[in-house]
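Shared chain: subunit A. Partners: subunit B in the first complex, subunit C in the second.
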Partner chain A sequence: MSRRQLGFMLAPYAVGMVALVLLPAAATLMLAFADYDLVQPPQWTGAGNFTELAGDGIFRTALVNSLVFAAVAVPLRLLIALGLALLLHRRARGVGTARTAAALPTAVPEVAYGLLWLWLFNPLYGPINQLLRVGGENGLTALGRTPPQWLTDPTDARAAIIIMSLFTVGESFLVLLAARLVLPPEVYELAAVEDATGWDVFRRITLPLIAPVLGLLLVRDTILSFQVSFVPALVVTDGGPPPYATTYLSLFVYRNAFEYLRYGYAAAATMVMLVLTVAAVILQWRLLRRWR
Partner chain B sequence: MTLSVEGLRVAHGAHEVLHGVDLTVASDELLVVLGPSGAGKSTLLRAVAGLTPISAGRVTIRDRDVTRLRPGQRNVAMVFQSYALFPHPPTAETTRSAPSGRAMPRAERADRARRPAATVGCGHLLGRRPGQLSGGERQRVALARALVREPDVFLLDEPLSNLDAELRVEMRAELKALHARVGGATLHVTHDQVEALVLGDRIAVLRDGRIEQVGTPDEIWHAPATTFVARFIGSPPMNLLPSDGPLSGFAPPGMLIGVRPGALRLSDQGAPARVERIEVVGEDAHIYLRLGEHSVVARVPSAQKPASDETHVTVRDGDVHVFDPSTGKRA
Partner chain C sequence: MRLRTVGAVAVVAVFLPPLLMLVAGSLREPGLPPPPGPQLVPDPLSTEGYIRAVDLGGLVRAGLNSTVVAAIAVPVSVLVASLAGFAMTQLPRRITAAVMAASLVALAAPATALLVPRFALFRVLGLTDTLAPLVAPALLATSPLYPLVFYVAFRALPADLYDACRLEDLSPLRTWWRVAMPLVRPVTAVVAALTFVLTWSNFLDPLVYIYDRDLFTLPLALRSLSTLDPTNFPVFLAGAVLTTIPPLVVFALAQRHALRHLRLHGYQET
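Moving on, here comes the complex of A and B:
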């Protein structure tokens, strides 16, 4: 293939890459060191945005919220996807339906998904709390406790956002399902002949063989975790309950940029997010390489 | 009998793969199951291991009916063509598979692994991962792994087929020596007739899910029970001709006579033959001959290959096998 052909074929992607990734990234990098409100031209402030971020209590809350969300949701999401993949890799009656059901929530548009959960989580007439109240009296659970105040109690609201994220594991599930399906059957047959326990089979065969894929998904999901919390926090909890219990970095950036028109400040927060993501990825990569 | 299989039937859906197979393997006997691909050899082995469900029949190991038992409860060890090594280092792998004991002290386990590993010559490989091993080394580890379990029956599924020709010959000899040393009832599946003849105490020839013949390599070679066995074993395969054809007088008319290529002599007298093609294979030459309307192959030393297109063929009485053409069975 000639260089000219190659150039033509790459052109659409190159244009997209420049227009949608490189230019915005460069603009964000520059804006991070400026004040900009769409009306007046940007004004250079040096590291001013960053010093302000360092002293901003809301930013710190958002940062902690994001880190806690990633630390809890990423491993749980991966475990669920792996569990589903190992559960549904066999051929059996109803497995096709079950696979579809496992993958489907991921295909629901995010805002619709959020609105659905808004109803599910409703403390009074939402089906989740109605189920929790089964067997209890006076609006309490069977154990005599108050059911969770999903969207009004800070801890319960954070849990709610994490619970919402646990059902959208379709992509990881499909990747792990595919990875499991191509593992050599003889190894499992040998394990059966040797009467290995299910745990042994998982630890000595499945886990080591599937680990590269798992590692890749872990890194990917960590990067993604700063984003998956955005729509739920915006649509379902609106960043609250006060004070900022579910304000994550992505929502913080969104608010500052598009509601308070502080583009420079938002860009600086985005930079912090980027640095954090890169650091997390490098850390995981190192850990994985040492473990292998 | 250490292993006995009675009336074993296996069906994949509507298609029956094994149509009632009977076999026995004595303790310390190595029985080779030989047959072309698709004959059901591996299915037979897998059914004995319990990996493939059977539709009828009985599998007995050391007088214990294991037909309904899980693979893990049958106390068999298996070696696959692909070796099927666990991704963990071989040491851990061979040690884990101790026969009875999940709860075995670590040191004792490691010790248990060392002896069979040394037996098959892979003691130095114990610390390595399967990815770092060559084909022959992997095969050794897989064998060591089978030995650790001290099973009642060894099941070997084409264990040499993934090795290149040179290594295959070497491992074949090692396998033979190993079995002589360690013993154990062994069911060895292969499609390689030479492997079967070299390794087997007895050979069971399988064709389309039925056993054609079971016998010692000598019996299989010198007294093939059917025309299939006669032609499957030996290369080039045995020549089959009508008894009243160009080589007559060995059997009453209406029968088939079989003559191995090596038993055909080229000489100045006998049945006239025309040389169609000559393949020289090292010291041997395969002479493709036209005997009237029949084609036959003769194997002669290369030095004695015919100089002209016209020759004559003779055969001695003792080298002729007689078969019934309607059943294919030895008459």
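Moving on, here comes the complex of A and C:
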């Protein structure tokens, strides 16, 4: 009786899990080996999608863009979150306000956040370049350089997407803050008695104690990095500037599926994305193990 | 102590300006040539952007749709998460481990990876271009993280409590609702707030499932407002402010609530 009731309590979540995650995941795996446009039944093509991907220049660009984004943004985001947590874990005047300020950008809906930066980055009348031009003449900065062409130069556009991702670290920040707050104060009192320097305390006490949380956040942020770049690339840079400077894997998948109706091809690209994620996670896990 | 305050001020000085600029940009008069230099307070101040955003973007209708979706999805999602979390504490270990493993896998799968087959599923069911696919993630507790959060919270309650309920012949459902839920109220509040923020901000799902303008939620209406006239910043920034206010308020409240709770439970801030 009670066992049946417990099963009933778990049922909605189990149904959601099967219908919205497990079955779709299995379907993605199968579609990756087929041509499918939602109208005609899938046509099996074996590894055809993958050989096409291997020769697709846009896919390769998207792949490199995603990897570079992950390699730069993930460590930076984690460092910022850790720095914020350590800076703001003690009570002092203004710390409460600072915590809220650091967490708030994360709560802004992605589209609104993207549109905000679309304006901030506008090369001509965006506030960022207006600020950079203060003190300079003829549209140059005070140092006599041209300000960055955020939305029209490939490198600047990639930098722009990374910069806007650095302000939304609220989630990692709050988790690290909580992790730091629950560390036993006695350890720190002992360190103070022994006259340990701030760096020593960080390296010998804080870092080892929050390393597991840090490791989890690293893995999670790596996985999310394939997703985080989607809305900015769609709303701010539209995958450009040409040729495909900010087309990331997520945008590549979206375009192929919902704009070109090539669901099989998109599924194959998704599989590559998943394999890469898993590989990155395993690699990080091993590195963390060795380092500990 | 002074040094920490300086640090706090620096953090505010870095993280607040983008949001301030969002508000400042929305208060410009649409159609005016851009000012020659940076301005924190626009001159002249104008709310014309808001009027046009609401008008052109159909934001009233979109706000209503967003509210309907959140009003259904958030309570359902929190219920699903807490029921599943509670069941996991009582079911045999094997089942719990399986649910946990599935949740972790689901957490790791990027949303874009499941988009295509989910879309096919809803199309077969004839539910595309309705609000149903936007409410559906509630069945999955919106994020598979939340059942795990409830599981941890329920497990942290003393084991004698559950034994006592069993002796009293309370059914699991009653134990959950009468005994366990009232004890984890702060967890429920935070999960509800985060669920609201995720649901309200959801852009990917409406982008894929909704074509009918009358069914647009706020993020989607905002996107179409910005593609309407991409150079008219004040108008779409005004729309962005309106879309942002509800989640921002809820998030700030939840954050204060959570940290206060952490403090109440003996974690002294040194």
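One rule holds in what follows: the second predicted complex is superposed on the first by the 290 of 292 C-alpha atoms of A that agree within 3 Å, B and C clash if a C-alpha of one lies under 4 Å from a C-alpha of the other, contacts with A are read in each partner's own complex, and residues count from 1 in each chain.
Assume a contact is a pair of C-beta atoms (placed from the backbone, for glycine too) under 8 Å apart; a residue touches a chain by one contact, two chains touch by 3 or more.
This structure is a prediction, so every number in the text was calculated from the model and none was measured.
Chemist: In the overlay, work out which of subunit B or subunit C sits against more residues of subunit A.
Modeler: Larger number of subunit A residues touched: C.
Chemist: Please indicate which partner A:Glu194 is in contact with in the superposed arrangement: first for subunit B, second for subunit C, both, or neither.
Modeler: first
Chemist: Pick one for A:Leu131: touches subunit B only (first), subunit C only (second), both, or neither.
Modeler: It touches subunit C, and subunit B stays clear.
Chemist: Which partner does A:Leu209 contact after superposing on A: first (subunit B), second (subunit C), both, neither?
Modeler: First partner only.
Chemist: Kindly classify A:Ala101 by the partners it touches after superposition: subunit B alone (first), subunit C alone (second), both, or neither?
Modeler: second
Chemist: Does the superposition put A:Glu186 against subunit B (first), subunit C (second), both, or neither?
Modeler: Only subunit B is touched by A:Glu186; subunit C is not.
Chemist: Need the overlap of the two footprints on subunit A, from subunit B and from subunit C, as residue ranges.
Modeler: none
Chemist: In the complex of these two chains, what residues of subunit A are touching subunit C?
Modeler: Checking each residue of subunit A against subunit C gives 1-3, 5-7, 9-10, 12-17, 19-25, 27-28, 31, 38, 84, 87-95, 97-113, 115-120, 122, 124-125, 127, 130-131, 133-134, 167, 174, 177-178, 181-182, 185, 188, 220, 223-224, 226-227, 230-231, 235, 250, 253-254, 257-258, 263, 266-267, 270, 273-274, 277, 281.
Chemist: So in the complex, the part of subunit C that touches subunit A is made up of which residues?
Modeler: 1, 4-5, 7-9, 11-12, 15-16, 18-19, 21-22, 25, 34-38, 79-81, 83-84, 86-88, 90-91, 95, 99, 102-103, 105-121, 123, 136-141, 144, 147, 171-173, 176, 197, 200-201, 203-204, 208, 218-220, 222-223, 226, 230, 233, 236-237, 239-241, 243-244, 247-248, 250-252, 255-256, 258-259, 262, 267-270
Chemist: Subunit A touches which residues of subunit B in the complex?
Modeler: 46, 49-51, 70-74, 76-78, 80, 82, 84-88, 92-93, 96-97, 102, 149, 155
Chemist: Provide the residue numbers of subunit A that touch subunit B in the complex, in ascending order.
Modeler: It comes out as residues 184, 186-187, 189-197, 200, 204-205, 208-209.
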